[in-house]
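All chains are identified by letter, namely A, B, C and D, in their written order; residue positions are counted from 1 within each chain.
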Amino acid sequence: MGKEGIRYATKIDVDADPESLPYLHNRWHPDIPSCGTIKNNETVKIECVDWTGGQIKNDDSANDIRDVDLTRVHYLSGPFDIETAEPGDVLVVDIQDVQPLEYQPWGFTGVFAKENGGGFLDEIYPKPAKAIWDFEGIYCSSRHIPGVRFAGLIHPGILGCAPSDEVLSKWNEREAQLISECSHMEKVVALPPEPKCAHAGSGDASIKEKVGKEGARTVPGRPEHGGNCDIKNLSRGSKVYLPVHVKGAKFSVGDLHFSQGDGEISFCGAIEMAGCITIKFSVMKDGIAQLGMKSPIYVPGPVEPQFGPGRYIYFEGFSVDENGKQYYLDTTVAYRQTSLRCIEYLKRFGYDDYQIYLLLSCAPVQGHIAGIVDVPNACTTMGLPVDIFDFDIMPHVKAERRDLGTCAYAS
Amino acid sequence: MGKEGIRYATKIDVDADPESLPYLHNRWHPDIPSCGTIKNNETVKIECVDWTGGQIKNDDSANDIRDVDLTRVHYLSGPFDIETAEPGDVLVVDIQDVQPLEYQPWGFTGVFAKENGGGFLDEIYPKPAKAIWDFEGIYCSSRHIPGVRFAGLIHPGILGCAPSDEVLSKWNEREAQLISECSHMEKVVALPPEPKCAHAGSGDASIKEKVGKEGARTVPGRPEHGGNCDIKNLSRGSKVYLPVHVKGAKFSVGDLHFSQGDGEISFCGAIEMAGCITIKFSVMKDGIAQLGMKSPIYVPGPVEPQFGPGRYIYFEGFSVDENGKQYYLDTTVAYRQTSLRCIEYLKRFGYDDYQIYLLLSCAPVQGHIAGIVDVPNACTTMGLPVDIFDFDIMPHVKAERRDLGTCAYAS
Amino acid sequence: MGKEGIRYATKIDVDADPESLPYLHNRWHPDIPSCGTIKNNETVKIECVDWTGGQIKNDDSANDIRDVDLTRVHYLSGPFDIETAEPGDVLVVDIQDVQPLEYQPWGFTGVFAKENGGGFLDEIYPKPAKAIWDFEGIYCSSRHIPGVRFAGLIHPGILGCAPSDEVLSKWNEREAQLISECSHMEKVVALPPEPKCAHAGSGDASIKEKVGKEGARTVPGRPEHGGNCDIKNLSRGSKVYLPVHVKGAKFSVGDLHFSQGDGEISFCGAIEMAGCITIKFSVMKDGIAQLGMKSPIYVPGPVEPQFGPGRYIYFEGFSVDENGKQYYLDTTVAYRQTSLRCIEYLKRFGYDDYQIYLLLSCAPVQGHIAGIVDVPNACTTMGLPVDIFDFDIMPHVKAERRDLGTCAYAS
Amino acid sequence: MGKEGIRYATKIDVDADPESLPYLHNRWHPDIPSCGTIKNNETVKIECVDWTGGQIKNDDSANDIRDVDLTRVHYLSGPFDIETAEPGDVLVVDIQDVQPLEYQPWGFTGVFAKENGGGFLDEIYPKPAKAIWDFEGIYCSSRHIPGVRFAGLIHPGILGCAPSDEVLSKWNEREAQLISECSHMEKVVALPPEPKCAHAGSGDASIKEKVGKEGARTVPGRPEHGGNCDIKNLSRGSKVYLPVHVKGAKFSVGDLHFSQGDGEISFCGAIEMAGCITIKFSVMKDGIAQLGMKSPIYVPGPVEPQFGPGRYIYFEGFSVDENGKQYYLDTTVAYRQTSLRCIEYLKRFGYDDYQIYLLLSCAPVQGHIAGIVDVPNACTTMGLPVDIFDFDIMPHVKAERRDLGTCAYAS
């Protein structure tokens, strides 16, 4: 009662080297030491760096995107011990709010270079690109993509409890097998443990070595704990149910997004930001058995930006690729085509391809699996909200080519 | 003005053999004769048989599903010539309404047997099953899946304009190539032209032969015209923009659904029904070039059933299959896992697996592509609306096993 | 099971004189004989005439509005006995659907002449006027108010159970007292029983005489049973809880509206139509005590037309009238001002006053009581959905005066 | 660009006596000196005290409510000069965000004593009462009204530009006339200028005297500028269009609400709080003429808490008061009855009357004007969102009386 704010479980220093901060880490491993304890039913604030740990600047060049060091990313705040949590329990995470840092009201969306990170459309759009987004309260806009402004659907890209040794081994084995099976492909299909730049929080040298050698990379989400699920409506007001694998749960969170489109197609595709998440934690004893739970579930909050259903244009895509090749019920191919249809549509207004690629990555576009059984074509749809544009983009209105500037490119 | 209803472009006879009806057909081919002409800017009603042409009965056995003759299905109403439509134009289809037939207020959802049709989860659920749905105004309910009742998100599963000869050849070639490439697989990966039971409307013997030999099967949607896209929110009030490939457009429609979930996972998965669709047609001259259009687009209507965002439980799935095998950004695998997570969750209330499989196919579940770039895991989500249930299924409420009967099985 | 539609409890003959039809009546009185029995838990269809009993024509003159005989209106279908219903119970009315008659796809909105009916703004707009609305599926549009098109929020204006003798006496007494208290006013403040054109359904001469002498007029809604409540979102899919005052409930329904704005300001203000309502009836025994109910309650359906919150322009009005006179917390005065603000706004686009008066009466405008405690000013708001217009009416866009024709006027 | 937050136009000291703070004032008067200048198109943050200036404590007694000094309230932040604004212009106020103060995460709702402030239901509920609300991110809950939790619909109760001398005179005259006309009533019908505790910001003694003698009280909203309109959905993301009456506009804002129900029925009825509002200001030259504007208009933001339409229970009320007296189209009487119906309904669950009175004042209930033309009964409705309750309050579920504690009362 009285004049008292909510307790901060972490405050971050955005100017410090993230590797030097003991309350951050960038691997999933049960041995990373807890950086604090939170009571059952306690609400705390947790500050987070952006997932590149500050590598990206608020400027008009994509050189930083081009040159980003992808071994130095995905710093998470935590892990936190939650009192009373035991393996078999479910940790209930009430996301009471997510906000950017008051003194840093901006974020970024990037297209990684094909050679350094890539993305969903890198065969077609191989160059690095960037858009800076300015936040004004609930809204954001970008000097690099003029003509759009929208309310954030703010959420954490990553949240989860630490894996047990057993779960971790399973991850490493199955991903190693994929890597070995795909050794003929030119693609990076998965990321094995990597000692370089592994950050084990406050762990000592031996822990750091172990975490570097065994720790799961934070890039993929994984069914057993969630992790980097990048789900756009796991947003403010959501209640998330997370399986607990180790004593204390060892909860971590990071990679906050001001907004993201379904698919987060450009990879560095959300509006990435440093910020603060307010969470109430509670423990559901024996929850995994009770809920029959193998993967996290969640109930969204009530305040997501709301457009009427008739204020979207929906694009259709099928599992026939841009070269006319037919695939068998391949939803990934279908969604790539759907994205391309939307890019073609928006180019008529004067945007260039990269501006749109960036926009579809971060604006609240709805990516749906429409039909997944009509052999051989999976059908996916992408719903583009028209009200984020300053001008009318409805199909019955004749498109007029405007001067819409450019996003940031590398020199 | 005055007492006058909207003109019927077709009235159907649900008791007749669909093959005998000149205003139906079941292949895509430019030579199928038009069965009527509709004016530019005219609104008409078009009645449609259910896609099995009446093979499925309103009873408590899935024998009809087990024995369904899949060469005698997908009868479409049309094709209709739209005055002034020419190749290069876009046909604007205003779906003013879709309704079941007044004298037949019921529909069905089926799980095909693995050996005869199959579906998205047929490796796990190979048996035939069925649920009959009773319609009462905007709502439906089923004696085979007690405890649920929901408003329809009524829509046509199939709509499109006829392909040109050129487009048709492209389809046949690329699908033939897939079939040949996959000849080692045990699956039916695509359906080549099939003379058996080909119905070419009012076409004479020579047309019928040609259509049987060349006509594209109606099962898959295809990027060039839409077709069997099975998109749940292409519903009442939607405005659809379809590319025109032949003079008069030769528009066809059918496979009406009272409701469908994203993915239509059980294949015969929507609530299939005979019914009537009211459409206003108008022609956008030179629309393909104007809209830069390669595939149909649409703007949904404003009356879809509306639950608050906080009235869904969302399930997460990743591209690791049920045997623990890791796939590379495979969205199809991820969505299968998402579906299974939801089935496991609902079983706790007393439903059996097939009841839930049927339900997720036809209830308005939201299937989203969440993250498609976090190698190696694609992440998809499925949002299950809790308000379609008579009892509280929220995760914080302890699940109580009820007697929830059974769906229809084969004898 | 099988081919069978829902039972019709009434079918109407729109060409007959409503007074000759035994299944209609136009007074509330317990002695009007039941015109049919409906089972507990049965679903039936009930056809209804429009509330003027067909006096208004689909033409371009408001002479019929000017000359309307207001003693020959408000014909209701019923009353129906619901099996098992007893005084003290609650009748649960599931409105499964409401539709216009298929062969009469149009309705009307009228402004009554000040001398014959009047309306909320009759001091300012005393002339008769009319708009005819054409229905195409879920949508309506009017040649008399070009530039708008919207989906219906279809509902019954009137529904309720018959009053008991006791309840009826109470109504007659309190309204007679108001009439006597206001005898100095020039306004018709309430309508006493009126034998002229009283229609007592199938009642014989003595019943007819009694009903004419005592029967409550159907114009006002009343707290004890609902009646002519004119609530726009008591629409398709709603579940209404009605107090039962007599054995069998004696339920009546009528005055169907394709759409209505909050307030129904022009009095004949909804889009009035003949149509069919589908209702499931069930009886909650002893429901009045259980629910502590003094007036009806309802839970709306899930399919109302849905615009995003940011797709409304809201107008504010306060309890200071158009002559600058200050009133004390008078919400009625405030709402009149709010309506005028909206009319002034829309006139800038080329509509004339009566067109807008008609439009605000029937389009789904949101009328809210904002503040009702800030002496001396009540504040009300009116939310106007911008997406019902073909052109952009947002305030940041410069208004351009168009040629928007005219509504129908009297000669 | 870079690390820089949004500029604060005011920071407040919540511990200081508001009368001592030069950037606050509590009258509307053109001579109150500007406390700062804001550029056209600039975004600033403005901190505000709660409207009682800190008189209400976070404790469990309503003594402070009982004893509140109503001459020392409604302190507004400002007035601010907006560059380029001139009489005849419209000031466009983009409400980018509203937040409580981080270090004071709570607010209050009060029922004033009938003798000291009163409220909409003070004839029935004359005692003082209070509920304290704790804020956790987007949500609030109260130890005084257990069983409810909801997301805030955060908004300013008061915002507006200063009146010109002319406008001010008009206000004073018309309200004086009402007071004189109602001198026989026992009620306070309006508040005349009052020198006691008038706060004229940084104005010197002569300004203070003038403002005290002539300044309009801040309690009522007024059509010419808005002011204390208490509109619940004039919330985050809204764009408000305000008429400008004096050079520089002299904009003021205050009385921030975490949430409010339509009507704000208990008078001190919103969740009152100190907080910070982020606004972008821009000037529409000659906007009053362009928009044909007599009163403010606004377009709401897209993030209001969203429940499905089927997740409300709607209560009906008519213009017959609780003693059975009939009124003529009196919407205020009707809304009072509607409120009482809702209170009766909720009492069945164990809440006491004052708890519910408080709750309906501040929770996001929808108050609609349903029918305002059916003589003699106006009909209003109140929609109560069921999802703000921890337990199921739907009418088909049997109400169970719980121990739901008590709100704060005076000793």
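Here is the rule we go by: contacts are C-beta pairs under 8 Å (C-beta built on N, C-alpha and C of every residue); 3 or more make two chains touch, one makes a residue touch a chain.
Predicted, not measured: the structure shown is a model, and the values here were computed from it.
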Check your understanding: Which chain has its C-alpha centroid at the greatest distance from the C-alpha centroid of subunit C?
Key -> A
Check your understanding: Shared interface numbers for subunit A and subunit C above half of all numbers used, same, or below, different?
Key -> same
Exercise for review: Calculate how many whole Å lie between the centre of subunit A and the centre of subunit C, each centre taken as the average of the chain's C-alpha atoms.
Suggested key: 50
Exercise for review: List the centre-to-centre spacing of subunit A and subunit B in whole Å, with centres computed as mean CA coordinates.
Suggested key: 32
Practice item. Please report how many Å separate the Cα centroid of subunit A from that of subunit D, as a whole number. Key: 39
Study note, to complete from the structure: Where subunit C touches two or more other chains at once, the residues are 237, 301-302, 304, 306-310, 387
Exercise for review: Answer with line, ring, star, complete or other to describe the graph linking chains that touch.
Suggested key: complete
Practice item. Would you mind writing out the residues of subunit B in touch with subunit C in their complex? Key: 1-6, 14, 43, 58-59, 95-97, 102-106, 132, 136-139, 151, 236-237, 278, 280, 301-307, 387
Point to revise | subunit D - residues contacting subunit B, complex | key: 306-311, 387, 392
Check your understanding: Which residues, counting only subunit A, touch subunit B once they are in their complex?
Key -> 92, 119-120, 170, 174-175, 177-178, 182, 187-191, 219-223, 226, 228-234, 237, 241, 262-267, 269, 284, 290-302, 304, 308-310, 312-318, 320, 324-332, 335, 337, 341, 344-345, 347-348, 366-381, 383, 394-396, 398-399
